[in-house]
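We just call them A, B, C and D in the order they show up, numbering each chain from 1.
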Amino acid sequence: MADAQEFLKDFPLLNHNINGRKVAYLDNGATTQKPEQMIQAICGYYGGCNANPHRGAYALSIKATDIYEGARKRTAEFIKAKRPQEIIFTKNATEALNLVAYSYGLHNVHAGDEIVISISEHHSNCVPWQMVAKAKGATLKYIYLEKDGNLSAEDIETKITERTKIVAVTQVSNVLGLKNDVKAIVKKAHSVGAICVVDGSQSVAHMAVDVSDLDCDFFAFSGHKMLSPMGIGVLYGKYELLDAMEPFLRGGDMIEYVEEQDATWAEVPAKFEAGTQNVGGAAGLVAAIDYLEKIGFDRIEAIEADLLNYALPKLRELPFIELYGCDSTQDNKTGIIAFNVKDVHPHDVASILDNDGVAVRAGHHCAQPLHRYLGQNATCRASFYLYNTREDIDRWIESLKKVRGVLGYGA
Amino acid sequence: MADAQEFLKDFPLLNHNINGRKVAYLDNGATTQKPEQMIQAICGYYGGCNANPHRGAYALSIKATDIYEGARKRTAEFIKAKRPQEIIFTKNATEALNLVAYSYGLHNVHAGDEIVISISEHHSNCVPWQMVAKAKGATLKYIYLEKDGNLSAEDIETKITERTKIVAVTQVSNVLGLKNDVKAIVKKAHSVGAICVVDGSQSVAHMAVDVSDLDCDFFAFSGHKMLSPMGIGVLYGKYELLDAMEPFLRGGDMIEYVEEQDATWAEVPAKFEAGTQNVGGAAGLVAAIDYLEKIGFDRIEAIEADLLNYALPKLRELPFIELYGCDSTQDNKTGIIAFNVKDVHPHDVASILDNDGVAVRAGHHCAQPLHRYLGQNATCRASFYLYNTREDIDRWIESLKKVRGVLGYGA
Amino acid sequence: MALDDVYTEVLGEHSRNPDHKHKLSCATCQMKGKNPSCGDEITIELQVEGGIVKDAAFTGIGCAISQASTDIMAELIRGKSVEDARRLANKFISMIKGELVDEDELEELDEALALKNVAHMPARVKCAVLAWHTLDDALKDQK
Amino acid sequence: MALDDVYTEVLGEHSRNPDHKHKLSCATCQMKGKNPSCGDEITIELQVEGGIVKDAAFTGIGCAISQASTDIMAELIRGKSVEDARRLANKFISMIKGELVDEDELEELDEALALKNVAHMPARVKCAVLAWHTLDDALKDQK
């Protein structure tokens, strides 16, 4: 595919030499690199439009407000929310999920109720629910996996019950790279009167997302995993739910009236955005959305599929490589590959690949319950994005071939 | 003072024409403008060092970790914290104050206890304490003001009692611009066994702060009010307190082990930094600290004092101007001036000044209890920073002279 | 845009000396309107009889734009049918939002036309429309 | 830095075939060490008698660097006094942190010297020092 070469030029970091060579950046599941267009949007904001939005009657502040509220509108369109007010800006997906846990969970889950999540959740979509379950005397139940790594259909059917108040699942697992049929899970949740929280951290940069079609109640993601700056995240929530919820962070801009002992709240979304928000981050997010939509998700999916289909057979040829989540016969595998090199600890693998300028991640990838379930202490993970090339894959595979030798094992 | 001219050139926004002229930006209390050096630090980060810190064994991730942890160290030095671990990065001062309210307040305040704050607190240092007081059945008490706007010495003496668990005060009021003797308040709080939370949002960019000397237990501020990007804030906390506290946001990177039903926490400061942090923002914060320290707070204070001493007599000459917090005979007035034009609503004043390219803020400045206490529905506020010039003041005063005329009042 | 396109004589007059800023003893309905971020708060009182707004008045505080807008509105709707009053309110709001610019269409707004340039001051749109939104709310239940 | 400056033969040998990776039946003390972010977890067992580390062994999982480092450490401290063992642990940690580079000073670390280039791999420093920190903790209460 020639596509990636076309985009690569937009990413200054990927054109840099690091330790004498360009990096084959295969840690996009952790964070993506940033296009020049996005970086310029940040500079442009701070160099020409910076002010505290919502708070001033002067021209600059109005400009900043327009940028910020424009970003809200753009984000709503991007994920097909019905109204801009359904978009709450947070600092990252983790804050977005905590907001739901604190403001919805702690007020709507009671003793004896159940919360259902999957065993492949990222800690950010797991530990907040542990907190809610403990605080309220509720039960936290897990959907486990089929042999191929997909969520157990039986568990989805049997664990979501009349007692379930919240179902929280990721749209794409950040370790196994498998896409879940969240639309069906939302339907199941609704059928028992539960709400469904979808973690879109690993999906929203890689496929077209339509929250109205999914009909999910909340949807969380981070800008930095989709070409945007760090420090900006998004919580989508259905208006009626947001409207009925207690605030989370309290302070400037989220109030209506403050008396000495009491306060009333501003309307959604301001109610959930306390203090000065990251307008520069919002400007960057818009530039990233523009960039992604110009390319189009069909093309992005095609690029990632090409890389996946190029890499998998090569990996399968290597007898010392163990793969996780790569056996699904469904058409739901995304550009994330978890693997191990036989006898070699993932950290050693990552260090050796790093020496060849190949960046993969090693560890538990913030998914300890999943790793325990897989019987693995840790794994390596390579994750692709639109600027990756077959050459990156080649460099990765070549470096992998050396690993066992470096540690003194035969091939 | 020629100083400001020297710095002005570093601030691209202030050299822009907006509606045909340069802006006299006098809303620094809301947010400051950004020097090119800071903007370049953000670009440099995203263009050359971007990765998810703490999570990768590869070179880029280590670079990002170094930048992020280096920013923590630099910030600790900047406010004279004893250990880098005492610095928690948040998204803004508001989150920092909420963190203390949730993680310290909700666990250490009990029925019948008292929380003492001042009537001039920003909503972000008020509404979180209302929440704690209500949730725990505690009493929220207010320190009111002397006639000149300073905190009532008598109230400090009598309202902080053996029942007080938390005292929360701002170091500089964002409306009256008066510096509080927080060191004495901290001492008083400690003498009754209470902890003291200091809101440094309006001080840290304008004067040298030494949290170890103040001996405060927590200290909160925002980067965007000190030349840094939006989306990065700081909570300083004494190590022993932080170490004993429950986490606040839960998710990736703040855990040690996650089992299906339980989790244990990482050490301070990671325990309070859930999810991917704003490393670009931290890089910007360091550039801002470098910029400020190169100038030095003596010079910054001198510039602001010059502007204040230049403006105040001119304002006092205008019979239709009412000033608030400008009568203190103490030497504790900073470059923030709250005022009203007789018969004219602050919003009309701001619009008319805006028409002359003068940016001041109108409204309650997130301090409704103070405004109610002053008997004012709203005020205008001009607030200075190191790049402001006497010319900015002249433009402001000249424009002020027109205001009543525009509305058809005689001078 | 020149300042005096917004701060016109009409506006100045109505904000300095509003004719209808007082309590209405025979009010049949009243409605509060507020802009918490500015601190604007008004209460509109209406005397509606047989589907006609016989009298209108207001109390409260706010900037010149919101006070003048409210006073002009009270003047305009006196004697109008409930239906007409609501139609005028929506027409005014459309004008301030910049959605309606046709001079002929706008003509019946009469003195309220003096506020049309607020459409170019985004920060003040809320001030101008406060009274009219409040009126529309108040009349929703009247017939 | 070349890879085989870190992944030396010594390291490979000790990580593939650790001599001291087993339970110690006559252990007088044991201590757990962990790097939660990597998932490394080791348990060190020591037989300390009369102020002398008579035997040392370990169990657990970890990367090659941490496993080799632990095995080398166990070998090195056998027969040493508690004091010497702690001194060596701190010397090793200083070497990996890059604080101590004097070859003569370092000489007594013997095989553990093979790990000195980990100092140039910031991401792996934690792996190399885990065992030695754990040892130091374990011996704190011994005398």
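In the analysis below, contacts are C-beta pairs under 8 Å (C-beta built on N, C-alpha and C of every residue); 3 or more make two chains touch, one makes a residue touch a chain.
What you are looking at is a predicted structure, and each value in this text was computed from that prediction instead of being measured.
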Q) To reach chain D from chain B by way of touching chains, what is the minimum number of steps? A) 1
Q. In whole angstrom, how far does the Cα centroid of chain C sit from the Cα centroid of chain D?
A. 80
Q.
Using Cα averages as centroids, what's the distance between chain A and chain B in whole Å?
A. 31
**Q.** Chain centre separation in whole Å, for chain C relative to chain B (CA means)
**A.** 38
Q.
Taking the mean of the C-alpha atoms as each chain's centre, how many Å separate chain A from chain C?
A. 47
Q) Residues of chain A that touch two or more other chains: which are they? A) 56-58, 61, 255, 257, 347, 350-351, 354, 362-363
Q: List, in ascending order, every residue of chain D touching at least 2 other chains.
A: 37, 123-124
Q. So what shape is it, when you link every pair of chains that touch: line, ring, star, complete or other?
A. other
Q. Chain pairs in touch?
A. A-B, A-C, A-D, B-C, B-D
Q | chain A - residues contacting chain C, complex | A | 54, 56-58, 61-62, 65-66, 255-257, 266
Q. Which bits of chain B are touching chain A when the two form their complex?
A. 12-13, 16, 18-19, 23, 25, 27, 30-31, 33-34, 36, 38-39, 42-43, 46-52, 55-61, 91-95, 97-98, 101, 119, 122-128, 130-131, 133, 140, 142, 222, 224, 229-233, 249-255, 257-263, 274-281, 347, 350-351, 353-354, 358-363, 366, 368-369, 372
Q | Residues on chain C engaged by chain B in the complex (per definition of touch) | A | 3-4, 6-7, 9, 12-13, 15-16, 37-39, 61-65, 67, 121, 123-124, 127
Q: Please give the residue numbers of chain C that touch chain A in the complex, ascending.
A: 36-37, 122-124
Q: Show which residues of chain A lie in contact with chain D when the two form their complex.
A: 343-348, 350-352, 354-355, 362-364, 371, 377-378, 406-409
